[in-house]
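Each of the next two complexes has chain A plus one other chain: chain B in the first, chain C in the second.
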Partner chain A sequence: MANDKSSMQLISRGILSENPIFKLALSMCPAVGISTTVMNGLLLGIAVLFVQVFSSVTISIFKNLIHPRIRIPTYTLTIATWVTVIDLVLAAYLPEAYAKMGIFVKLIVAFAIITMRLEMFASKESVNDSFWDGLGMGLGFMVGMMTIGFVRELLGSGAIFGYDVLGFKPLLFFILPSAGFFVVGLMMAFFNWIEIFYKRSKGLKR
Partner chain B sequence: MKDMLTIVVRLTISCLLAASVMGVCFIFTSNAKKHNEHVKEQQVMYELLGYKNGAKIPESLALHEVYRYVISSSEKQSIGYLVPKASGKEAGYDFVNIDLNGALLENKAVALSETEVLETETRNKAVQQAVGAGYTANFADRIIIVTDNGKRIAYLIGGKFQGFKTFVNVMLAVDPNFSLLGMEILEHEEDPGLGAEIEQDYFKNQFKGKPFEALKTINVVKAPIPDDYLKALTGKLSEADILKFREQYKDKDIYALTGATISSKAVSNGVKGIVLKFAYRINVLDKVLREQQLAVSF
Partner chain C sequence: MNLAYTRYIVLTALLFLLAPIFARAEGLVVNQKFISDKEIQVTFSGPVDKAVTENIQNYTIYEEPDPDIRLELSSAVLADDGKSVTLFFKEPLNTAKTHVITVHGLAGIDKTTFTVSKSYLGYLFGILISALLINNFVFTKYLGLCVFFGTSKKKDTAKGMGVVFTMVMVVSALMSWFFYNFILIPFDLNFLQIVVFIGLVSLTVQAVDTILRKVNPILFNSFGVYLVLVIANCVIIAVPLILANNNYNVFETFMLALGAGGGFLLALYLMSSVSERMQLANIPKTFKGLPIAFIVAGQFAMAFLGFSGLQLF
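Up next is the complex of A and B:
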């Protein structure tokens, strides 16, 4: 199964048509738990982006050496290694950010989206394509986390990036974890609606 | 059989590869990480002493670290203190072993430099050597005695106590009369939105300025914080007004956090325990040092 998409198509697929959070509905745990502010979403998104790209490339390089029976332990090991590396680097060089998100970085080991991309894509495709696919998926996750964070921070604490923009707190409920489900659900509906709209308009043109 | 062998070999190689990547990364980052933790700790200490965000720290101010060890053998227990010697920077440390009744057992010089003493392993080894075979020395805690021109102005005490979920790690600053100067929560795993509020100003600043007498019987009350006191705690009033409120509420109990009475109680009891025990210990240590006329740096 060779990949016939260009690098740009791979990236846009990760962000739009196969967005990990809104389309594939993977890694919902962090989407709900951590995305209380835009900043949290951005920081975790960057960490996931790095882990995804590094893991995809690593698996793609070694894909012919990995015995098919033990591919899952190998993926997990790869992801765990890169998560540890990023955890150590963050703790050493970005202590401010690490203090906020240190506890979440370790959770990336168990993110479904990363294992899924390794299984579906990186283990079959070339190194180059795997890199772009990882980048697209990572960016898609980051954008998803930031949009959810944007809505929740704005409605929950009336601020964006920690700056008070509304001057009051509309609904404290949006800060709580259960509100994450509502926001994700509404966002999914919104993106699906856009897609349907887009396809229809395209169909009419033809 | 052949499959099994290749699986074993390949998994082993992958593990070795992963281990070496992580190992190399650890070697490169561990120093920076340690440095960060040290800087963070120093920052917390100076903030507790009232030097916020890079305020100039006078040169007459000095921090002296004292390490407490529990020395135990099969029959008896004693408490050992590693105290810095008086003269000069590279003077080394004295190891003072005190029995449970407050009498001196022995006193030995320990050759450790200021940087060596920060290394937990080196320090533990040196103390173990000082107590000799047949005894085990277990590190208990560290206190920091702050002096200004040779006069004691504060103590910084680290401590741990049981919170609602796991341990809460705090650092307290007390003045020479054991009144609280401040409290900082270093580490905790309480519930966000509920117990985690213990690290918020409006809770932890309630402890500021509590005199020793009030701390002895401190408890929590389940009542909302009065509005004007809340403003004072979160620093929305002028410095003079904050002090006025601190004076007014200094003998009152701590207002518990809404929905987190257990965490609030745990903190107030923990702080009480740490300060009371510390007051007893430092008095015993001071008495011994005075009787033996040991020249220490603080």
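Up next is the complex of A and C:
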């Protein structure tokens, strides 16, 4: 039961307090590059989740066999293997979505967040905890991507998941590529604002 | 390697590239060039017959590699002095390819054949400019943002980082090209792309690190710190993936890598200049740090949109 509690903690940590996109500010490239729709965010999120969970588990299983001096190349090759798997799977079963995401699926191999989790967590903790940590981080990334995609798709084309919701297009600017920077910047500022507001209200209560 | 040798090698390579331009034969057709992607202009040494040149049935035009696919003309118009004719095509041409044009019955000769192509050097330069400005890796392709935001605080750091990046990128791209064309393709190992490329990139970084440490310790002391950052970066791995997608040859690969590295250097330098100013500015507390950096980068990205459609050659 204790394990159950800690697994929930690990997941919530990945989504909220250590969200890879908004808090750790890692793996920003896809967050800006292809977050034009919720669907793109969801698919890339699934891909990252898959790679993160499987490489975390792999490294955690073999952590005692990896010589510390060659640990970074080992991590890189492990990630590359799992990226190849998800890359080929997506290309075979979802060719249209794969074409939209372009080079970014292959670029998961260079995402700092995955290497960082392997270095900081999976190489030290047990297989079980690594699994939950990987799941939490992957979900956090997915949620972040989908939030940005939600804002951009709703404001840019007035739709969610491709279904017309608003019936008009409020600001075409948001589906233009360069708007990604603005949306991420503004959302980070928004989360900072909430944090400052929260701390201040807490301080007043005390 | 000695610097003088390098200079000779570069000169020889340039001569080889320029050779077709010098060797062009003089004849009935003086000059031929692409006006736009749907027009070709041909200039003759003297006035030609209007009836022959304006009849589109007299032309056979195809791209050099596939003579069976004929390109269709919509019209041909002779200029007033009778010396130059402009050919209008129904569909846009691939101006990067060499086009072969045959005219029947011109000046009493049964067949006059000539080719139209962009100068290859111009095409290579086009790839460079494209990777540098039009498809800038940071502002238009959104790659390498972690390092971009991490190291664009000071101008010196930005310059050092950019130079190291360009160096590693060119070396690793050329190596990846070699591996891709001579190992991955012949043995049908295309699915190993990601594993091989990431391995090569890490290897290059490690090699540059070791070589620089021995050969030029001063340079290593100023640049060495950035090398570690280079490995976990998507710009560097993106270049081999792009060249594999587009089947570039070795010159094109070199130009792409150089342009990508130069573009990264440019982006870092621009961003660091703004960052230095921003430290003096009065920024709202919620926007301090990354949020404002993102908004500045967004403005740069909008400015870089202005480069789209730029065509020099």
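Methods note: the second predicted complex is superposed on the first by the 178 of 206 C-alpha atoms of A that agree within 3 Å, B and C clash if a C-alpha of one lies under 4 Å from a C-alpha of the other, contacts with A are read in each partner's own complex, and residues count from 1 in each chain.
Here, contacts are C-beta pairs under 8 Å (C-beta built on N, C-alpha and C of every residue); 3 or more make two chains touch, one makes a residue touch a chain.
These numbers were taken from a predicted model, which means no experiment stands behind them.
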**Three-chain arrangement built on chain A, chain B and chain C clash or fit** = clash
**Request:** Classify the contacts of A:76 with the two partner chains as first (chain B alone), second (chain C alone), both, or neither.
**Result:** second
**Request:** May I ask you to decide whether A:115 touches chain B, chain C, both, or neither, giving the answer as first, second, both or neither?
**Result:** second
**Request:** Quick one: classify A:170 as touching chain B (first), chain C (second), both or neither.
**Result:** neither
**Asked** After lining up the shared chain so the two structures overlap, which partner does A:67 touch, if you call chain B first and chain C second: first, second, both or neither?
**Response** first
**Request:** Name the contact category of A:182: first (chain B only), second (chain C only), both, or neither.
**Result:** second
**Request:** Determine, under the contact definition given at the top, whether A:93 touches first (chain B), second (chain C), both, or neither.
**Result:** first
**Which superposed partner A:84 touches (first chain B, second chain C, both, neither)** = both
**First, second, both or neither for A:106, with chain B first and chain C second** = second
**Prompt:** Given the superposition on chain A, which partner contacts more residues in chain A: chain B or chain C?
**Reply:** C
**Request:** Pick one for A:25: touches chain B only (first), chain C only (second), both, or neither.
**Result:** second
**Asked** Of the stretches 1-9, 19-27, 91-99 or 271-279, which one of chain C hits chain B?
**Response** 91-99
**Item:** Footprint overlap on chain A, comparing chain B with chain C
**Value:** 73, 77, 80-81, 84, 88, 176
**Prompt:** Which part of chain A faces chain B closely enough to touch in the complex?
**Reply:** 65-67, 69-70, 73-74, 77-78, 80-81, 84-85, 88-89, 91-93, 95, 175-176
**Asked** Which residues, counting only chain B, touch chain A once they are in their complex?
**Response** 3, 6-7, 10-11, 14-15, 18, 21-22, 25-26, 28-30, 32-33, 36, 40, 193
**Message:** Please output the residues of chain C touching chain A within their complex, sorted ascending.
**Reply:** 139-146, 149, 191-195, 198-199, 202, 231-234, 236-238, 241-242, 245, 285-288, 290-295, 297-298, 301-302, 304-305
**Asked** Any idea which chain A residues touch chain C in the complex?
**Response** 25-30, 32-33, 72-73, 76-77, 80-81, 83-84, 87-88, 103, 106-107, 109-112, 115, 176-182, 184-186, 188-190, 192-193, 196
